[in-house]
Amino acid sequence: MKKQNSPQYYHDYLKLDSILDSQYLLSKELGVEAHDEMLFIIIHQVYELWFKQILYELDSVITAFDKGTVNESHIGIAISRLDRIIEIQKILIDQIHVLETMTPMDFLDFRDLLNPASGFQSVQFRVLENKLGLDKSSRFTYGSRNYKSHVRKDHRENIQKAEESPSLFNLLEKWLERTPFLEFKDFKFWEQYRSAVDEMLANDKGLIEKNERLSEDEKQIQLKEYAGTEKKFDALFDQDKHNALIEKKEHRLSYKATQAALLILLYRDQPILHNPYKLINRLVDVDELLTTWRYRHALMVSRMIGRKIGTGGSTGSEYLKKTAERHRVFEDLANLTTFLIPRSALPKLPDHIVRNLGFYYDSRGNK
Amino acid sequence: MKKQNSPQYYHDYLKLDSILDSQYLLSKELGVEAHDEMLFIIIHQVYELWFKQILYELDSVITAFDKGTVNESHIGIAISRLDRIIEIQKILIDQIHVLETMTPMDFLDFRDLLNPASGFQSVQFRVLENKLGLDKSSRFTYGSRNYKSHVRKDHRENIQKAEESPSLFNLLEKWLERTPFLEFKDFKFWEQYRSAVDEMLANDKGLIEKNERLSEDEKQIQLKEYAGTEKKFDALFDQDKHNALIEKKEHRLSYKATQAALLILLYRDQPILHNPYKLINRLVDVDELLTTWRYRHALMVSRMIGRKIGTGGSTGSEYLKKTAERHRVFEDLANLTTFLIPRSALPKLPDHIVRNLGFYYDSRGNK
Amino acid sequence: MKKQNSPQYYHDYLKLDSILDSQYLLSKELGVEAHDEMLFIIIHQVYELWFKQILYELDSVITAFDKGTVNESHIGIAISRLDRIIEIQKILIDQIHVLETMTPMDFLDFRDLLNPASGFQSVQFRVLENKLGLDKSSRFTYGSRNYKSHVRKDHRENIQKAEESPSLFNLLEKWLERTPFLEFKDFKFWEQYRSAVDEMLANDKGLIEKNERLSEDEKQIQLKEYAGTEKKFDALFDQDKHNALIEKKEHRLSYKATQAALLILLYRDQPILHNPYKLINRLVDVDELLTTWRYRHALMVSRMIGRKIGTGGSTGSEYLKKTAERHRVFEDLANLTTFLIPRSALPKLPDHIVRNLGFYYDSRGNK
Amino acid sequence: MKKQNSPQYYHDYLKLDSILDSQYLLSKELGVEAHDEMLFIIIHQVYELWFKQILYELDSVITAFDKGTVNESHIGIAISRLDRIIEIQKILIDQIHVLETMTPMDFLDFRDLLNPASGFQSVQFRVLENKLGLDKSSRFTYGSRNYKSHVRKDHRENIQKAEESPSLFNLLEKWLERTPFLEFKDFKFWEQYRSAVDEMLANDKGLIEKNERLSEDEKQIQLKEYAGTEKKFDALFDQDKHNALIEKKEHRLSYKATQAALLILLYRDQPILHNPYKLINRLVDVDELLTTWRYRHALMVSRMIGRKIGTGGSTGSEYLKKTAERHRVFEDLANLTTFLIPRSALPKLPDHIVRNLGFYYDSRGNK
């Protein structure tokens, strides 16, 4: 890298002429300036700048995983980048408090002018959903119209491209499927895990049946729930059942990837699985924060416009609330906790495997 | 107030012997200390301390409103107290991040020991819901069992008592009904507001019908939505329809209180309505933050235990998610924004009324 | 306001072409892209957008106060606008967490390229300081060079203009001086307040002298402190002494404005003083949050570059830490708490004054 | 672990009888209840509960490091525990907003009653400072009196014990000194690092000398700064000079530990150094957040009581502000960034070392 370059000036380096001269108040142009339109514009610009940053980080994670070999260093970097995305997401959520300083009456002063512009049309947000791996068929649709139809042609193409390129979900799934630890050499993990699970399930069932505080009615409900849990475990141990759940859209992550992710969760105390565990955890964080943002955003919109239709012609807050749950991408990873068993019940790893999974070195740095 | 008292010592004043000696780890007692049980205990103790503070503030607001006369000063104090509750609620939400540093595997180390103890059994939280004014019939029930049946007798009585005493919702409703401004002397507000509304609705309908970006399908959906909005306005102008909605549990706030609240929202720029407006706004804040807390809490529980049954025998996260929406108390106030009309369309108040609604004084302090 | 305008498109309305195409990585241009330069650019752009919003709100407050008559409605609006500034400031502080995801080594990858650009050159931030009312002579200077010399000519003029125009501090001071309640008709507040103060001071002195837990050494230190407090009260009751403190830059707010502000603080329970009290409180909030931001920023810079010189040639973190305290504008308002006396000792207002200071109306809205 | 235990009840498990019955309002006892005293008590109890949790986590980290061998797994756990402390610290800072809903006048209603109780007397906070490793001689003292003299005998002993037991600072220092990578086998890191440093320093000096925007005056100041930086590097390469700085209390971390920490920072991209790097980073986080808390706390106190003496007889806010800086423990780690050099200038590690520092395995899990 050559170091010599011309002296930099803060204002020009940051292109502040463009950034700070991009706020045009429609209300002003049409005659009566609505004071709060400035906030409305600026906060949305800030949101879009953060979306750009999130996409930039997400792209770098996707690039790292879109390779035959993903090494320890790639995972470390991916975690750092997701950490950054997470910090940004927290800001996105907190910023809603700023927008809420605008009262509904103040919004009414210019709301009609924006028609039919709407957050629906945020290209970057759609691209973000697609790059994370939101399944096309899971999208909550509004009427029969495709979600891409709200934006203009060139933007539609960008969204389409992101829909077709490998998503983080896909790449993660492939990486998990490649995990070399699924068969721990001579260690029959799967068998031992299964017998530990059987014991635990029997115990759980007993807790319900013997719970004297429950009415007969409640007992039935809980036993039904329990049956659901048991069914999930059945699918974990039976690839055909698992695939049937995928078919029915009740599950998405492949059989092998599910096993690998579960192993990572169960044995995350092993140094070599520390970072894979963190990676999975961060993805659940990102998902949860996006869900929280959607939900908080929906509450805010509901407060701002009540039950009226949104600026883009959507029923605003209801649409947003529905997407909060439905647009989750890594829910399967979060739900893996369903399959955890206590450390005390966890099959012990043989010493030679433990040794292979950690850093061991003497005081001269020799392994 | 006599000022002389014995010298105080920080530790004793705060009863730290009791506070700091109330953490008994069941796991330790039963042989294997689970490190994270300490956090589990302490964070719940902190939650309960904050609940006590919230109830203390809420009681003072209720006391102020449980009187024939509520004066300006009472409202000012109520706003301050609600402001404090709001700041505490933000902490309650943020604290979830602390609990999330406990991983599901760490929780499993002691989770079974707690059975069937559960947040379900928090007496203060139930009392809080009742004092805010959660309608008994709106409670999301689990099986056929009453929500009070999870706690022991003396606690059940506390909850029952809070159920029967006047709630903030009831008192607010009565106070709104007493608002003296519903008839602005000779000013025919209601008629003028209605004609302004009619004009606005016609305009909104036109926007949908002329929107060329909508498919026929979408147009029908939106017109259906619009019809819903129109119906809501119809109920606003027709006491019988309003009461029918109340009957059907689609609305809760009385006809007269709804009108008063709407007037406050529309004319909140008038100094005398400034504080009533803030009061309404704070109540919506409290509601929204409680909803957000429930939702975040549900996400956290889902992550911690997956889709398994909760410690109290509930389906944990699903129950919590459902209560997030259903247990809102002041939703009618939030939804009043549905009925707002732009300031530009708002009937002007005659000067003599404006003068009566503000502070006007000359430079010697005379009015 | 005419309502008909052309249909809006989200992307164009927000000028996203300009906003999202203003990130040029110097490191990329010079051959080796430093991944984190994108974050560095975007977060600073976001900061500048928020500064623009803060200035926009601040200008509206200044305009409202830059008039002969400031009515209740102006104050209410000013409070709302300051509330918004406060929410934005909280975001500015929290955003530091995002920047801290960049490690010092990552910053080093492109840091030298930026030379000598620096946050020093943020025109908007300087304008903000000036509009709030930072006293020119209080600025912490670096070497003998004027703070405006770091920016180019047209920018220097903007800063200069803000330096010369009436600041919020000046306007607030004038508004306080005009407060009509300084003489409460026949009520001799000042005399009664003074005698209450005398009693309290004697009590405080006694507490130190009789405190057996203090060593002789400590007692002397505290008595010296006490003497300082007494001196401050002396100045409160003696205009000449007050002016001498102003001369020595130990105080800034004029004698009359200080009295008015103190009255507002002491009698803020009176409805008519509720908003003036809030206004003062918000200004202290703004000051405190700006101070906190500077301090947190300084800690972050110190962590990022250690004790090396900053990009603008400043000793970075040390400079920032020093400005945190020195660049406070409304410290005199915060320090007014020094002069508070307990409510129990507060001279009672006669009924006819209380009545004049509140809203009183019968059930028909008559006063 | 035997699983069967008696059924648990939320209220009893959390000892809520003790927790929720430990709020005695002195003002109430003495005749006039001051509403805000409840908040004052509860928030301090919450602070103490969090301090207990922080100490619990800190103890576990200290125990892990107070051993001859610290393995990868210990470091991983230490990082998790510090992560939790960090999340708690964020809450401690945010909670100040709750306390700030109490106005100075409201505090005055009961402030005198507390005399001489004060946060000064928080035993847990003193123990925390000592366990982190605050150097006795660095404590900012108030008068000639020892900081322990404010608490009663048994508490004094607890603080004393924490002063004498090995602190996290001491243990970290020893662990760093044991780092096996200080000599990278045949790789002459130190020499190459030194020559890279020399080149960088020469470059920095040139930047100042050639900077035409600087006045002669400023240039002298910056060159003086530069000389300071150079001196710091001199000490890095000369053990005697380093020790002299330690003698003069300008530095604290030992020569060998400083080198190890620096190596970790420079080569943190290597998988084996990933966690050691994070550990160092978390310690700086803890330090920074504690500093921020002290500073925010000081601002709050200053606002609450102005420039009067604190409840414990201290000059409150001034004392707190001074400790913010002086009571930092891991400042040497934060300042290590002073010695970083760009990755591009960093001596390359030979392949056989890189290989030894990472996880490499084929698709069957073999290394």
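Order of writing sets the chain letters: A, B, C and D. Residues in each chain are counted from 1.
Basically, a contact is a pair of C-beta atoms (placed from the backbone, for glycine too) under 8 Å apart; a residue touches a chain by one contact, two chains touch by 3 or more.
The structure presented is a predicted model; accordingly, all values stated were derived computationally and were not measured.
Engineer: Give the chains in contact with both subunit C and subunit D, ordered by label.
Structural biologist: Chains in contact with subunit C as well as subunit D: A, B.
Engineer: Out of B-C and A-C, which chain pair has the most contact pairs?
Structural biologist: A-C
Engineer: Hey, how far is the Cα centre of subunit B from the one of subunit C, in Å?
Structural biologist: 32
Engineer: Measure off the straight-line distance from the CA centroid of subunit A to the CA centroid of subunit B, and report it in whole Å.
Structural biologist: A distance of 29 Å separates the two centres.
Engineer: Using CA atom averages as chain centres, what separation in Å is found between subunit A and subunit C?
Structural biologist: Roughly 39 Å separates the two chain centres.
Engineer: Identify all positions of subunit B at which a residue touches two or more other chains, and write them in rising order.
Structural biologist: Within subunit B, residues 1, 3, 32, 112, 115-116, 203, 213, 344 contact more than one other chain.
Engineer: What residues on subunit C touch subunit A, complex-wise?
Structural biologist: Subunit C reaches subunit A through residues 1-3, 5, 7-11, 13-16, 18-24, 26-27, 30-32, 35, 38-39, 41-46, 48-50, 52-53, 56, 60, 80, 83-84, 87-88, 90-91, 94-95, 97-98, 101, 112-124, 151-152, 155.
Engineer: Can you tell me which positions in subunit C touch subunit D when the two form their complex?
Structural biologist: Interface residues on subunit C, with respect to subunit D: 32, 103-105, 108-109, 111-112, 115-116, 142-145, 150, 203-204, 207-208, 211, 213-215, 217-218, 221-222, 225-226, 228-229, 232, 265-266, 268, 281, 284, 288, 291-292, 295-296, 299, 302-309, 313, 315, 334-344.
Engineer: Would you tell me which residues of subunit D are touching subunit A in their complex?
Structural biologist: Residues of subunit D touching subunit A: 1, 3, 71-73, 76, 178, 180-181, 184-185, 203, 213, 269, 271-272, 274-275, 344, 356, 358-365, 367.
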